[in-house]
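For reference, chains read A, B, C and D in written order, and residue numbers begin at 1 within each chain.
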Amino acid sequence: MLKDLVTPENANVFVGKLGDILEKAIDKPLGYAINWGRIWSLWPVHIETACCSVEFGAASSPRYDVERFGIIEAFGSLRQCDLVVVQGTITRKMAPRLRLVYDQMPEPKYVIAMGACAITGGLYFDSYNVLPGIDGVIPVDVYVPGCPPRPETLIQGCILLQEKIKRMKARKFV
Amino acid sequence: MTAELPPGLALQKVDERIMTLNVGPQHPGSGHMRIVVQIDGDYIVACDPDPGYVHRGEEKMAEYRNYITNIPHLERPVIHDSCNVLYPYVLGAEEILGIEVPERAKYVRVIASELNRCIYTQYWLAIYGIFLGHSTMFMWPAGDRELLIDLMEKMSGARVTHAHFVPGGVRNDLPANFEDACLRQVNYFEKRIKEYAAVFYDNPILISRTKDTGVLSKQDAIRLGTTGSVLRASGVDYDLRIKEPYDVYEELDVHTNVMKEGDSYARSKVPWLDMMESCNIIRQALQKMPKSGSVRTKLKPNPKTKGPETVYKRVESGRGSLGCYIVSDGKTEPYRVKMSVGSFRNLIALPYLLKGEKLGNMPSVYWSLNYWPVEADR
Amino acid sequence: MSVLAPKFKLSEFIKSLFDNAFWALLLVSLVGLPLIQVVLFYIEMPVINGELLTPFLALTWLADPSRSLPIVKAFMATDMFRVMVFPGFGFAALLAAGTIFVERKMLAKLQLRVGPFYCGKIEGILQLAGDGLKLISKEIIIPAKADKPIFWAAPVIFVATAAAFVALIPVAPGGWVVADVDLGLLGVFAIIGFFPIITILSAWSANSKFPFIGGIRALFQMVSFEIPLILSLLGVVIVTGTLNLSEISASQSFFPWIVFLPVGAIVFFITMLAELERIPFDLPEAESEIVAGWLTEFSGMMYGLVQLGTYLKLYAFAALFVVLFLGGWNGPMIVPPFPEEILTEGIVLGPVTAKFPGLPLFDQAMLNGTLWFVIKTVGVIFFILLPRGVFPRIRIDMLLSLGWTKLIGLAFVNIFIALGLLYAGVLGPGGLQ
Amino acid sequence: MSEETEKPTPETTEKSVAKQEEVIELPALEKGLSEKLTSKFGEKTSIAFVKENRVRVDVKKEDVHDVAEFIRDEMNFDHVESVTGVDFPDDKEIEVVYHIGSYTDNSLANQVLTLATRAPREDIPIPGKDGTRLPTLRDIFYSVEFHEREVFEMLGVYFDGHPDNRRLLLPEDWADLPPLRKDFAIKGR
């Protein structure tokens, strides 16, 4: 009688149920905690693509100081970063490199398109060497308009990204 | 085999001892370019700069826009020095369109371009600090340049991309009480940058790191055609504000700072000395400026030119002599616009200087060339 | 809190925590307690008040505070507690975490900024927790051509080695040290010798150019600075005549050795900066030259572990400086003595009476020693952090010539000073001490 | 131009008169430079204009090397500021303009000597393998190295004798016309 109950199929069902219960229990608090950590620790990759890098540098200067939000500028290796701020125009020579940088970063990774050039090509819409926006190269999370955007705008973009991360599911952690 | 590959892709055969490093475009010490460095142990045996990551075809675009609408995109190569980078184009366009500039506008231009030179040099100094691993030296200049950016914002309305110079003068007049604010902030700014000596220029580690590295002798500086602070750090007294004065520079008392050593330290110190000189020039210009008057000769939106003409105008920008060659064929658009920029001219010294240098000196030598990749690529 | 993400609330988080706590309690009482009972039968229990603790007693005594205190005390006397919590890993990790936060805040203040501010509402105190949680949840990338076992093991070994270093540091009198060995200082030298090996192994296994250069640089730097480091400490050994760190610490009850051996202290401080890869000696991680040096290929928690190990090492070196030159735990008694009745009877506060004999878990001398030790260590850590805001990075050839010529010479000068003090009779038998 | 500037006010006429006098007086040095060139090379060079601080010399592509050598050795000009290529599809020619300046000679510090030469132009260019060729000036003025590389990729003018005729600014996979030629149309125009 008991032997009939303890079959591999039943054990599978039981373990699966237990897993579901555990997941349900863990998902909410752990997801909250991990998302909270990701919000306050956005480390941008050190890749400059065009002139918006000046304003990106100004954003970490004492007057604007993005480190208040946990964003450290001038970080060394891209393996430890989670944020790509595309600072302006992407030319045809830079686009493959940008994709390469994006591919080499560990999940989760976020992209901020900074400046009109990164969004649509901006002032250089008719240039022969400029891509019309970076949507074709990498997926973008937040668009920060301006030519170049003021540092305040960039900071607002970062806050918008934080709002977006809050809505995301933290399930894809490794 | 190499013949079939397109130029620039040919692979070189190298010794096994020699390691090839790709410094850039994603590298904390490269900026917007790639430097292919071959090292033997700690010594650089060859260096091949690979610019062009921000090549946006501005010279081609300038052929499709008229003399006024060219202004916004021609200042983008150096947005933190936008007045100076636009200056030769505006001077050339004025000659081609045949218009006179009011006296007051000339003084406003001088003030704006000197303020912009300080803003540019401060940012350059900030990056120089971070290239040497000195994070305080990034933050201090990056914070202090906001003072002058405030002034420029008052003057032109935009933070960095001013588009303030137009053929015929400047776009709008100075706001009320600008002179007092300018004098006050410039005085404070000068006091601030003098403090950098204590933490940066007199720092024993910095001196021992940059002295006698990347030495560019006077003959080589002339032969390579370098310009700006690189040239002046090698002992050549050449400044276009004195040698070929444009606008009202001949009425002002301008001095140049020349150092004889020609090493990275001298190249990093000359722009800093130039900033103090710029503060002097601003104070003089504020004193001599006509207190009232027109600042702009009005133009039609699509102005006509006098006829076929070629113009080559030069100014002294933050990175050295900046020339603009305009070919006009009598139409409303220029036939050809060529920007001869200081960064591009100084780039040629990089492989020359880095050869035989240690890898640790690469960032300091590279950035001491006063090189802004976006401008070089155009 | 926010319009976009209404579910992202602290109250929701706490509610879900309560839910989980309820289920956890249920499961513990049904499954956990029987399991613990089974486990307790198999481990050795301490003897308390002349009575052997049995598993049944352990569970029943937990209900009575006056009887559970001896259990706690007994467990605090175990080696496990020392290794995991107080003089060992936990204490050091706490100080290391504080160091990272203080470093960022201090650097920001030096540069006229604010530093981390919004994370954790009050001056960004939770910034480190945020970074840590993010790093734990981040993907770990192993390069395809890496030597995988070594690459995986390197960060773990790094932290383990740093923790082994921490284990040799005496924190307070009365044997508050994990490993009280007679050859303690030699043990320190042996452990320091492991760091370059780990660095070069991890750099080599990553199979990438920039880590390789960084690893080679780290090897050069650490090997060339280890010799002046060892030599600079020999002065203290000569003067005290022992290698045991606890005895060295105890020998400075009247004056710290920095008074007599300032040269050795300076040499040790400089070599310490180099061993820790701090600016101006952070060549293995020089980001403007070689991306991030030997850390370039580490991602996610592997990077986090290396950072943890680095700051544990920083704490250990600062503590070693305190033990050898600044008098260790010695200092004026500032903790007030405990009243006799608290020790024997417990606390009596008006109507409230709680008779828990043996309440202060630590004695007065130990608390005072720990307090002085922490104060001095924090001071030294502050001085280690300070050069980062003031100095640029040095170059590798300058560093090597500094290590091999100047510092070794100074270290020998220090040894001669120590010998002179000893033979002149200033120190040692018949002298001051 | 607006109406105000078309009707010259008394002030501007005064200025223009003053300017005309300057034009007569000033270019003595520039005249000397141009006469020096024409006396040496005669027919081979043609002075296009002499303006204030600017002299322009047009030469054939066979003579550009000799003229440049003369300019460096005898006239104290020591560096090239910029090399510009201008496309003239109607003339079937590409003009390459060298702006030459001097650091060593203080009297020439404000002078820019413009040396212009022309190369034949192919309708269907194969950069580096067709007739659009010029002799390089790199052995005379070292500073033209990157400028000539830029002209090569932007206009397809191959410089014979240049040691490093590789691509500089354009992407590696660029397979279109050289972009600064007039028949290369940018999108939407």
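Here, a contact is a pair of C-beta atoms (placed from the backbone, for glycine too) under 8 Å apart; a residue touches a chain by one contact, two chains touch by 3 or more.
The UniProt protein names, listed by chain, are A = NADH-quinone oxidoreductase subunit B 2 protein.
All values derive from a computational prediction rather than experimental measurement.
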{"item": "Between the pairs A-B and A-C, the one where more C-beta pairs touch", "value": "A-C"}
{"item": "Distance from the mean Cα position of subunit C to that of subunit A, given in whole angstrom", "value": "34"}
{"item": "Geometric centre distance via CA averages, subunit D-subunit B, whole Å", "value": "23"}
{"item": "Distance from the mean Cα position of subunit D to that of subunit A, given in whole angstrom", "value": "49"}
{"item": "Overlap residues in subunit C, where contacts from two or more other chains coincide", "value": "111-113, 287, 291"}
{"item": "Multi-chain contact residues (two or more partners), subunit D", "value": "170-172, 174, 179, 184, 186, 189"}
{"item": "Junction residues of subunit A - those touching two or more other chains", "value": "46, 62, 74, 76, 91, 93, 126-129"}
{"item": "Inter-chain touch pairs (all)", "value": "A-B, A-C, A-D, B-C, B-D"}
{"item": "Parts of subunit C lying in touch with subunit A, wherever the complex brings them together", "value": "2, 4-5, 8, 12-13, 16-17, 19-20, 23, 104, 108, 111-119, 124, 126-127, 129-141, 285, 287, 291-293, 295-300, 303"}
{"item": "Footprint of subunit D on subunit A - complex, ascending", "value": "91-93, 125-129"}
{"item": "Sites on subunit A touched by subunit B in the complex", "value": "45-51, 53-55, 57-58, 60-63, 74-76, 78, 89, 91, 93-94, 97, 101, 123-124, 126-130, 147-148, 150"}
{"item": "Subunit B - residues contacting subunit A, complex", "value": "25-28, 31-32, 52-58, 60-61, 64, 72-73, 76-80, 123, 126-127, 130, 135, 138-140, 142-143, 145-146, 159-161, 374"}
{"item": "Parts of subunit D lying in touch with subunit A, wherever the complex brings them together", "value": "170-172, 174, 176, 179, 184, 186-189"}
